[in-house]
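Have a look at these structures, which come just after this line.
Each of the next two complexes has subunit A plus one more chain, namely subunit B in the first and subunit C in the second.
The block that comes next holds the complex of A and B.
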């Protein structure tokens, strides 16, 4: 509990630091919103033109898109520097964190809190529109709202696990930028669409090595389309927890291999 | 308090290939060269010791400190800090250590100094009242009251270093590791930091290990010196012992009123000789000194103070003519250290 309080305190300090550069903050918020909105518009145009893909309607795909975007917002807000670990490895900044009486991962996560206002508004907006439409069409009931929040949370856990695993490879490889593009960015972008779109081999990767399928696609099968059963959500949660446990063990191995810089 | 037993640290560094397509070939097969950064170092520092850890760049100083603080795991060997293994029990050990890296800051760059102190206090779970009291002491000792509300990024290097030292002391650690705390500072700032460190050691009984390239730091502060080069400990002892072991000569410059009458046997080739050979007083028998240079009225001799006193040398040379002026200079500490490297 003490660690949680400390984490909150450090996060608040990080926000205060960021607010020293207000102009930078508002500009980046504006740009992020613009980029994300235009990205989604591209998807929307295609969907409207073809009236959905592979049997998934515009609102269903919008839902997939919004859920994974919001999961990413949670992951990147609370653990931004997990994604930037290689920076700490290249210039040896990790030394500083290791002299503190905190678990290394917590020290790293509390370094930089990112306020992703643009992404939150945009993701939240799309999710709201899609859910309202799906509710009106009677495809889902009110229960879908708390379930969706839960999916976003477990999705964040899964994205965090994928991100942390990739970064941990940095203890051996130092630079993991390209690997991150593959496991984090490419995989997440792919998960914005129904996975039935992809060939079998690629889909099986998304179910195993880079399990983004469990972040939005699998739970949506139950929540939106009532396939399988409620056990699907339990299974998703179990997968998320397993991923977390696995990556934490891997992280510990990696961290003990830390070589620092210079001599 | 601090114990290192035969610690080694090896780094594997890729070796760049040479010849045609070197860049491409090194992508596929890499040769590694194992570099022994630290190669079998052992020492024990008792409580209250102020030890200086010196050596040229790349000798393994920082690597040793990183192993002692638990940042790096030794390839082999054992480190214990107050009975604990700093790598396995890093978080527990961290509570007892104050660590300052001269070229890095542990303060929050964009926040006022005061806020960094608050955050560190919480991180080390120091009760607020105790923290404020210690903070007050540090502010007074390091004269920091004028810049407490300034964001760290706007501090001068000297101010920042003082703030960093205070930050390292907030949780009242009994051991301090300082990696080049005076690097890049002007004379005043250095003096202020040295005074602070001396107080911590003498009055608060803190154990301190300091690395530096500034030999004044060592001479003014340390009761013990450890010299490392090529990853190995070359010397471990007190400063006077170090001077003696290296045996750098004391230089005595003597000006005579007239050109002195230096005996043949003493002057020949200006090589080392037993001064007492023929003409000096009986009690000088066997006392060595050496003529380094003889130019007209000016004679320069060198001797080892552990074997002969300056007075004895003076008495011997005064037999060669009337002495007008004498000047002696002790070997510089830097010179001594250079001899060990």
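The block that comes next holds the complex of A and C.
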């Protein structure tokens, strides 16, 4: 409990320091919104032009996009510097975190909390529009709303696990930028579309080594299309918890291999 | 003789990281494969008007490789970092315009990326998807000119992004904004003629199609090199803006004592 309180306190300090530069905060929020709207338009243009993709409508793909965007917002807000671990390894800054009286991972996660307001507004807006349209069409019921919130949460856990696994490789490789392009950027971009678009070998990667399929596609099969059954959500949650447990064990092994840059 | 020296040195600096960059090429090409698979999936049930599935694969493959020439210029041409460290004051004191020296360094980078990133990535797609190559020399000459214009525009944009660091610490966001607009408006993933009319109008009134759309259309033989006149006009306009902004930067910079 003390650790959680400490983490919250550090996050608050991080937010306070960020809000010292209010103009920069609002400018970055505005620009982040524009970036994300533009990114979604790229997907939307294709969907509108071809009236959906492989049986998935504009609102269904919009839902896939919004869910994974919001999961990313949670992951990158609360654990931003997990993504930037290689910077700590290259500059030897991890030494400072090791001297703090809290677990290394928690210390890393409390660094540079990001207030991703632009991304939240954009992702939330798209999700709201898509859900309202799907509700009006009678494709989903009100239960879809709490289920979606749960999917976003488990998605964030999965994205965090993928991100932390990739960063942990940094204890051996030091620089993991290229790996992150593959496991985080490419995989997340791929998951914005229905995974049936991809060939079998690529799809199987998204179900196993980089399990991004469980962040939005798999649970959406039940929530949006009523395929399989509610057990799909239970299975998704189990996968998220399994990923989390696995990556924490892997992190402990990686951290034990850490060698400082020296003086 | 500053021009060849700076370009050559920037090229040689990059040569030291050839191995690492070749691995990076793999990651970049996988991104392209993902986009290609999306079009293959769509093409299985829809007609891809004017391109066909094969044409669209070639379109996306070329664009993914061309990003390394016209899309991935160094963030702010390294200027934000120089603003943070104060090095910018020394750069502005030099008897050469800041724009000229940073742009020359970037041309070395562009040349390197053309050889070690554009060509290998394009060749990967060409082998995997059995691309047929253009047979006329004029097509290659036109494409090369189009890529050079695109690279110059990309350098100018990054220079403007870089100089913004003198006014705000958030210049990085302008870099990302440019990248997002590039993806949407340049015809990188969706050909400009397929954009909805309002978005197509924005695209065609901007410089973005000269970064991706026109080079690939010339390469595929859909357009002649005469369309590049518009690109040259944009180059002149951007050069003037960059010169003006350099003058403003000189007025803006403050050197701390100590």
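The working rule: the second predicted complex is superposed on the first by the 262 of 263 C-alpha atoms of A that agree within 3 Å, B and C clash if a C-alpha of one lies under 4 Å from a C-alpha of the other, contacts with A are read in each partner's own complex, and residues count from 1 in each chain.
Keep in mind that, in the parts below, contacts are C-beta pairs under 8 Å (C-beta built on N, C-alpha and C of every residue); 3 or more make two chains touch, one makes a residue touch a chain.
Because the structure is a prediction, the values reported are computed rather than measured.
J.: Once the two structures are overlaid on subunit A, check if subunit B and subunit C clash or fit side by side.
T.: fit
J.: Residues of subunit A touched by subunit B versus by subunit C: which partner has the larger set?
T.: Partner with more touched residues of subunit A: C.
J.: Is A:199 in contact with subunit B, with subunit C, with both, or with neither (first, second, both, neither)?
T.: After superposition on chain A, A:199 lies in contact with subunit C alone.
J.: Counting only touches as set out at the top, which of subunit B and subunit C does A:256 meet: first, second, both, neither?
T.: Once the two structures are laid over each other on A, A:256 reaches subunit B alone.
J.: A:6 in the overlay: touching subunit B, subunit C, both, or neither? Say first, second, both or neither.
T.: first
J.: Kindly classify A:232 by the partners it touches after superposition: subunit B alone (first), subunit C alone (second), both, or neither?
T.: neither
J.: Is A:54 touching the first partner subunit B, the second partner subunit C, both, or neither of them?
T.: Second partner only.
J.: After superposition on the shared chain, which partner residues are touched by A:46: those of subunit B (first), subunit C (second), both, or neither?
T.: second
J.: When the two structures are overlaid on chain A, which partner does A:153 contact: first (subunit B), second (subunit C), both, or neither?
T.: A:153 sits against neither subunit B nor subunit C.
J.: Contacts for A:34 in the overlay, against subunit B (first) and subunit C (second): which applies, first, second, both or neither?
T.: The answer is second: A:34 touches subunit C but not subunit B.
J.: With the two complexes overlaid on chain A, what is the closest approach of subunit B to subunit C, counting only CA atoms, in Å?
T.: Once the two complexes are overlaid, subunit B and subunit C approach no closer than 5 Å between C-alpha atoms.
J.: On subunit A, what residues does subunit B touch that subunit C touches as well?
T.: On subunit A, the residues that contact subunit B in one structure and subunit C in the other are 21.
J.: Within their complex, state which residues of subunit A touch subunit C.
T.: Counting only subunit A, the residues touching subunit C are 21, 23-24, 27-28, 31-32, 34-36, 38-39, 41-42, 45-46, 48-50, 53-54, 175, 178, 181-182, 185-186, 189-190, 193, 196-199, 202.
J.: State the interface residues of subunit C toward subunit A in the complex, per the touch definition above.
T.: Touch list, subunit C to subunit A: 20, 23-24, 26-28, 30-31, 33-34, 37-38, 40-42, 44-46, 168-170, 173-174, 176-177, 179-181, 183-184, 189-190, 194-196, 199.
J.: Sort out for me which residues of subunit B touch subunit A in the complex.
T.: 11, 35, 37, 58, 60, 62-63, 66, 69-73, 87, 90-92, 94-95, 97, 99, 101, 104, 106, 108-111, 115, 119, 122-125, 151
J.: Would you pull the subunit A residues touching subunit B in the complex into a rising list?
T.: 2, 6, 9-10, 13, 16-18, 20-21, 93-96, 98-103, 256, 258-260, 262-263
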